[in-house]
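Presented sequentially are two complexes of subunit A, the first with subunit B as partner and the second with subunit C.
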Partner chain A sequence: MSETLKMKEQKQQKKYVPEISQKEIEELNKSIETSSQKIVAETIKKMKETDKNRPKTMKYFDEMADLFDKRKKEIIEEKKSGKKVIGYLCLFAPIELILAADAIPVRVNSGWYDASKIGDRVVPVEVCPVIRSTIGAKMVALSPFLENSDAIISVLTCDGMTKLGEILSDYKTVWQMTIPRIKDSDQALQLWNKEITNIKKEIEKLTGNKITRKKLRKAIELTQKATKAFRRLQDLRKGNPVIMGRDAMLAIQTYMWDDIERWTENTNKLCDELENRVKNKNWSTSPDTPKVMITGTPMFWPDNWKVPTLIEEANPQGVIVADELCSNERILNDPVGVDEWTMNDMINAISERYLMASTCPCFSSSDGNEDRINWLITKVKDYKIDGVIYYVVRGCMLYAMEYTRVKKVLDDINVPVYYLDTEYTREDVGQMKTRIEAFLEMLSARKDF
Partner chain B sequence: MTITIGIDLGTQSIKIVILKDDVILSREKAFSGFETTEIAEELINKSLKKSGLSKNDIDHITATGAGIQMAPKVDSTVSMMSADAKAGVYLFPKARTIIDVGAEEARAMKCDDNGIMVDFVVNERCAAGAGAFIEAMARAIEVKMEEMGPLSLQAERASSINATCVIFGESDVVSLIHKQESKPEIARAVFDAMADRVSSMVRRLGVNPEVVLIGGVAKDVGFISSLKRKLGVDLSIPDYPEYAGALGAALIAAKRSRRKQ
Partner chain C sequence: MSITLLGNILQIAVFAGLILAGILIILIWVKDKTKNISTLRLFVQIAFTVLIFLGLIIGPYGLPQNPYIGDAPRDRLVGADLFGNQFPDGLSVPVLACWYPNGRTITCAVWQLQAYLFPFWESGPGFGWGTFYSLNGLQRIAIVFGFLIAMSLVIGRAFCGWLCPFGLYNDLMIRIRKLFGKKHLSFSDRTNKALGQSRYLIIAAFLILSVILGSQAIFGIQLIDNTAPGEYYYSYFSAPFCQVCPMKPLCVLIEIGAGAMLPLQEINHSTGAFYQAGYYVTSLNLAVLAIVTIGALAYRRFWCRICPLGGLTALFSTFYPFKKVALLRLNKIEEKCTKCGICKRVCPTQVTEVYEEKGGDVTVSGCMLCARCVEMCPYEDCLEVKMAGKPVLKSRNWLEPTENE
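== the complex of A and B ==
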């Protein structure tokens, strides 16, 4: 064999992922998909039972929640007509640029518990399960969105994410973006701006579509409208409960794979219905139910809905009215703010929005990640939060490490916070239930006193 | 007059307390076994009989404990943390920190000046900070579990083991045996290691006096001595520390019953 041939062969070999037979892939894929659909149906059933007057407009989001059904089929159809799909792993991926190139953005992190065990064949169990599960999902071709992605945007945020993109490049075209770990310096914004400009070129190359000024403006306006609808929903969660947290969280999370225009339209319909509920004083649960906020590691549908389920089905019950998760509210919190609709200004606005507005703990500052802290305090006040659940999965170092800081600050304003550590598993539900119920009892007793 | 029952379904034993107007009428306990529900029911009947009461006299029954899903028919349930905090403050009104060390888990509760629980921590991932650890280590050095405490007090100096878990703890103990450490020294090392884990858990809440120690392990002189040393404070321990969870549940039952009336 000639040297060049040898090199070529080596190149085709996977860098990380071990060989796995087609038969095993198909078996695992099928068994996880079947159990996943069961879990989705069960979870939605329970959500309906928790709120007897559950908003009728949730029906749309329930439909979107089936990852193997409508939206999957739509995406496959659109691909046939030549559209490209661009997957992303972190919220730093500039959605507007993907939309402006007529491509479909989808977030591809995995929430499947069973897939994390498959990922264990590549990385040790000490690694965060979101990462292990995403690797596992790819190994058995489980996620319709990841499978249909023509390229993946991987942003080097936490340690897990830094290596995840590298591992996924065994299968897919992966574009890595370096995020500066210190936000507020000129060089940080300059570097990020260059990363954004570079990713724009990659997107244009892949899709064959030039991102024009007009198209980018249209894309920005589209996500601005989505943020507006999202904020409308959030305002409705500030008063007496007209929607359970689990329902709102599901609606918000479907944004990660839904058609954005249609999502916005349906979120506005949901808000119309909720406004009526306010008028009729038709509460989802008693107004003195303790109001809970969740922060910490992202929680991905469908399996990792464990904590919201435990909180809202607990005795005494809690209602989640806000979160500070990159799998939920952080997706839509901030619009791209444009002054002049020139190309330059729009690109700058996108850079700033994705870098400066983020409250990800991958950033560091001598103030102690002040942006996240301030944001948490603002939310606690705006939503009149009774208690905070600080959720961390094993291996999620950055969130685990920031807990002490967050607890100090919340202690100062006399808001209880509980550190809930768990894994991608169903086995600890009993223990978690006790801890969550004790926390909610504590919040109720404080309200009572 | 309010008569209530608190049941604590622990990992190793079931405890029952009957209260009449917040005064303890009787306390009973039994091993959990496999038929937890039946055993708990028998225990209720037994203690009712002893106190000269019938089921109709009872206003409210509240269950707590890790085996709560195995509880017989009760009026309500409450978490172990709330029950512990309630009992701690009832037994020692100035209690601000309550530590419960049971057979398989340890937890600590923080109370404010009104006796309301404001924070808690749990160590339930591993048994190294709980009673099962003493049991396993006693086996390793071939002494009875009850002897471990008194034995440890005879130790002349402290040696150490790294109790990250029962399994590793055991291999550490074996290496101490190989080093020909005496049994009292090993016993003390076991309690020191446990107290280390429990105290670092409590320190996350802050050690605010008065500190109360409850749970089955609160009867062990060896553990008490080690924990006092590690925390650097005095510990208040009630007469029947293993019944504290059941007592808390009975007190909460009384409160709930009065609210209904």
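== the complex of A and C ==
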């Protein structure tokens, strides 16, 4: 009797996370929330200052950017009405299946610097700050999306993500999905297909809604439309700078927690406005501004936004026209291509879209992750990029290790690339500013030349 | 009487169906032009089928008669004297549109190859089939190969993807399966490649068979009874492939439906075992058709993976040295590809090279140039169908559900 009780106690005991008093949690939560709101307001203010002529439709995305305001209330409201919220950590989680089961998908990775300091209590500082911050945010119940999610889909991509799911299972139901590290083989696809089918069952069990053919088709069409809107925005960014990179990045990033239908609608509105600006030749900044692309570790709103801010506020100024980040363009770049609208083919299409179209460096292949290289080169050509900033946070092994490969290829097509290693910390802003300005100066000199 | 009535009803039904389908397709097509390649392709397929089977029957009836077959519908075709007496069998086209009911204007190339191969050695007109020709066997073979190579070089296997009536039949089977919401099966890559290679064995086997069976004409020795020119089995065995071809019953059915062929004809002309066995259609034809129909319901474009005619067309458009000069090509730009695998999954004949090859010319013998991959590729300009170096169809940013069920 006593033994079973002990067992139960042990089960309830947290495997990773140390005990924190309720009081401390509340204190930390409050202080971070206030500081976060301050930072959001400040960043948006800065964005407005940089671009005097900022698109009016960005107002919606500004509203969405405040994580503790409108969307939080909406999600709590919808939860009350019986809807389930399913969080996900990596882009490999099949959003379409979540939508088809009438649940709300939200991405729960966190970008708070203060939260990453709390995460240090669980994992050493060598670990990537995205992981630390997410753990910290959970410990003090900070993120409204992470708090409200009924289950979390964790895909075992990089080392950090692999353990993050395990640590989070101290608090929540976590569904882990194994992703094969080689994607170009039949057995890899088979494994992933089974994982997708499995997660479909789990989602059905949690929500109590069966994923039918009609519902899944509707969900796929919804995300296809979102991708279409996203591509429209990207096409507009290909010419002269009609929108500042930060604004576009923010608009794209709100997709991670916004209602997808509404997001699509508003993005299309933004595109309409931008199209008008192109007609009137109403540029956000001088067309001679060097065009910069960011690639590397994901950047999460709001704290992890310092690099875009620095680039676009530097002197000489740079403008971000494209990125290859799994927190931005990679979310929406690839559509689910369905051949026949049968259940089987839709599931196949979903699993292929998430596995094969991905350019995540967690995959290994003998051709040196050529998909990512190809994509980068195409982007450099399409957007007429002047320079690439390779952004890596400390602890992000996979992106750091692929730098040499990317540099070699970009050197071949004569595009300068700059390796920028940093952290979530705010302390190195001054030093980073100098580095970025030096790079941008070099780019504009090259442009003049 | 009742058979004639049945024929009339069939005729009306087929006509009405085709006209309705045509109007429907034109309506959809006009709505979004070439935006939807699949619909455009269906339109072209139906139009070509109508042209082959119905368009060519307009014209003076009662042109030169074939003494062996009598007043066959093909004798009434307007193209009968397109080449005059010189080349009465018409153009050899690499699509499965049968010579039996409607030759003399457009003729399936496989039939012509087989039929001309065994009188190859005969010196001139006036012997066997040569009765109708002023050219000798060698010249005729040269003309067939000339047509075949020229056409293959121009549009290659787009004949299979865009024009072949039997391809249309296979596509219709896909549509029927989709109506029931059933999934399709897939061959393993290895099996599919083996099937693709087996077509050349089929060609070789049937050509050899047609030589053996036409032995009387070639060697002067009759290896099989009743196969001498003019005898009952001569017509059959001069073209052995045609006796198992799954398209022949459909051709006959359409021609009966269109009124170009009377269902009673087989009875009127029955003068022996050959005619009683069925004037055009053999039981082998029907058996193969049944197998292929079931196959086409389970696998997409089942027949097209083993079709010897497709093999011949591929031979003259995707193999060295023909591939250097062939005009219609599928091209892939390596840098735009993210290897998302959509092209591999949507390919009706399961061609993997488009996905696997790095870039450049990806036209392979299994590819029918149906451009389904071009249609579904979500990356702008990544895949394109090029005609003599100029892009005809390009992959584009589709992202709207294309297929309406």
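In this text, the second predicted complex is superposed on the first by the 448 of 449 C-alpha atoms of A that agree within 3 Å, B and C clash if a C-alpha of one lies under 4 Å from a C-alpha of the other, contacts with A are read in each partner's own complex, and residues count from 1 in each chain.
Basically, contacts are C-beta pairs under 8 Å (C-beta built on N, C-alpha and C of every residue); 3 or more make two chains touch, one makes a residue touch a chain.
Remember, predicted model here, so these are calculated numbers, not experimental data.
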Task = Kindly classify A:364 by the partners it touches after superposition: subunit B alone (first), subunit C alone (second), both, or neither?
result = neither
Message = Let me test your reading of the model: by the given contact rule, A:375 touches which partner, first (subunit B), second (subunit C), both or neither?
response = second
Inquiry  = For A:434, using the defined touch cut-off, is the partner it touches subunit B, subunit C, both, or neither? Pick first, second, both or neither.
reply    = first
Inquiry  = Contacts for A:190 in the overlay, against subunit B (first) and subunit C (second): which applies, first, second, both or neither?
reply    = neither
Message = For A:315, using the defined touch cut-off, is the partner it touches subunit B, subunit C, both, or neither? Pick first, second, both or neither.
response = first
Contacts of A:198 with subunit B and subunit C, given as first, second, both or neither = neither
Inquiry  = In the overlaid three-chain picture, which partner chain does A:341 touch, first (subunit B) or second (subunit C), both, or neither?
reply    = second
Key: Partner, of subunit C and subunit B, that touches more residues belonging to subunit A   = C
Residues on subunit C engaged by subunit A in the complex (per definition of touch) = 178, 181-184, 334-342, 345-346, 372, 376, 378, 397, 399-401, 403, 405
Request  = Give every residue of subunit A touching subunit B within the complex, in rising order.
outcome  = 315, 416, 418, 430-431, 434-435, 437-439, 441-442, 445-446, 449
Key: Contacting residues of subunit A [partner subunit C, same complex]   = 184, 189, 213, 217, 221, 224-225, 227-228, 231, 333-335, 337-345, 348-349, 352-353, 356-357, 359, 370-371, 374-375, 377-378, 381
Ask   = Once bound in the complex, which stretches of subunit B touch subunit A?
value = 66, 68-69, 77-82, 114, 116-120, 122, 124
